[in-house]
């Protein structure tokens, strides 16, 4: 159950941060119209970016652990 | 008592966010002088904005609830 | 032990905020190279700034307390 | 039991208030560029309600997109 | 009882530290634009203390303004 | 005891996830300027991994610098 709560918290955080980034990249004042194509492409990019960041970060931690630094 | 704690937390949050927005709109480097008129007008605008955002947001939630979406 | 936890939390916050400020001042896209001299100078400035902010803030609180305002 | 219902209700109210604070901070910054009077212009009001409505549209689309991609 | 007093004191200290972190992050960003040396210029120091003093002035005015509008 | 180990592990995982969210938000903003397609360009991918790697370098240098200055 704790695992599930963490998963929910992570999904919520991801939705919130991706929404904000994509709102800023896709919409303009005075915000009268949607731009769904842009949002979908932006979300796809955001998730790909997440994977790159995650992979790079975890491998840095791994290296540091192997070198006995942490 | 819980209600009161929430009210205090909300007021604190409002003061903090309004102060930051109005500082940025009203003051310039090197920050040697105040600009009270601007701050008062900015705060008035900030509170009006809060009401618009709150009304719009709550009515969207209402709609979604009525449509059985949430 | 509580004191120690607070000290750790403060150091963590300081590292995180100083790193972000100095990253933004010292590094440029595409972030392929470090700039250690700039980071060291930036950190020195950040810590000096912290001392000024802290001194000014505490003396304002002191004044307000002496005037019976808080 | 009644206490739990009360707390759930307070909790939901608190989440809504937090969201309104967050939206207002972001939309005020995007929509209000100057403070010459204490009232909002029609243009600013239109921008503010558009901002929160589009932000909710984007969040719903992003949440659905993330669920679909699993 | 002594524990409670100790905790209150630590709590107050912690709040001050958090505020200093927040002010320093924001004022450093506003006042320090380049990092050519490890020391702050007189202009930067003046800007930093002005920034925190004016921010406190604004916060007090906003807090009073919100209380008055109730 | 097993519960404690489990919680420690979940806690570490959660910290990593939070850091990835934070890095991704910041690096996506710095590295992705437009959304014409759902894929990242080679340039954007290079920028993203550089961004997180340099950010970790800076954080380590800053953490060591702060410890050294005590």
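Going in written order, the chains are labelled A, B, C, D, E and F, and every chain counts its residues from 1.
In this section, a residue touches a chain if its C-beta (ideal position, glycine included) is under 8 Å from a C-beta of that chain, and two chains touch if they have at least 3 such contacts.
From a predicted model like this one, the values you see are computed outputs, not experimental measurements.
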{"item": "Contact-graph separation of chain A and chain E, given in steps at minimum", "value": "3"}
{"item": "Listed pair (C-E, C-F or A-F) duplicating the B-E contact set, over half by residue number", "value": "C-F"}
{"item": "Furthest chain, CA centroid comparison against chain B", "value": "F"}
{"item": "Of C-E and C-F, whichever chain pair has more C-beta contact pairs", "value": "C-E"}
{"item": "Label of the chain whose CA centroid is most distant from the centroid of chain D", "value": "C"}
{"item": "Gap in Å, rounded to a whole number, between the CA centres of chain D and chain C", "value": "31"}
{"item": "Centre distance in Å when chain A and chain B are each reduced to the mean of their C-alpha atoms", "value": "27"}
{"item": "Averaged-CA centre spacing for the pair chain D and chain B, given as whole angstrom", "value": "11"}
{"item": "Of all residues in chain E, the ones touching two or more other chains", "value": "31, 53"}
{"item": "Touching two or more other chains - residue numbers and ranges from chain A", "value": "14, 20, 22, 26, 40"}
{"item": "Chain contact topology (line, ring, star, complete or other)", "value": "ring"}
{"item": "Successive chains along the ring, chain B then chain E then the rest", "value": "B, E, C, F, A, D"}
{"item": "Complex contact set, residues of chain A against chain F", "value": "2-3, 6, 9-10, 13-14, 17, 20-22, 25-26, 38, 40-42, 44-46, 48-50, 52-54, 56-58, 60-61"}
{"item": "Contact set on chain B toward chain E in their complex", "value": "11, 14-16, 18-20, 22-23, 26-27, 29-32, 34, 36, 39-40, 43, 47"}
{"item": "Touching residues (chain side chain F, partner chain A) in the complex", "value": "7, 10, 13-14, 16-21, 23-25, 27-29, 31-32, 34-40, 44-45, 48-49, 52-53, 56"}
{"item": "Sites on chain E touched by chain B in the complex", "value": "26, 30-31, 43, 46-47, 50-51, 53-55, 57-59, 61-63, 65-66, 69"}
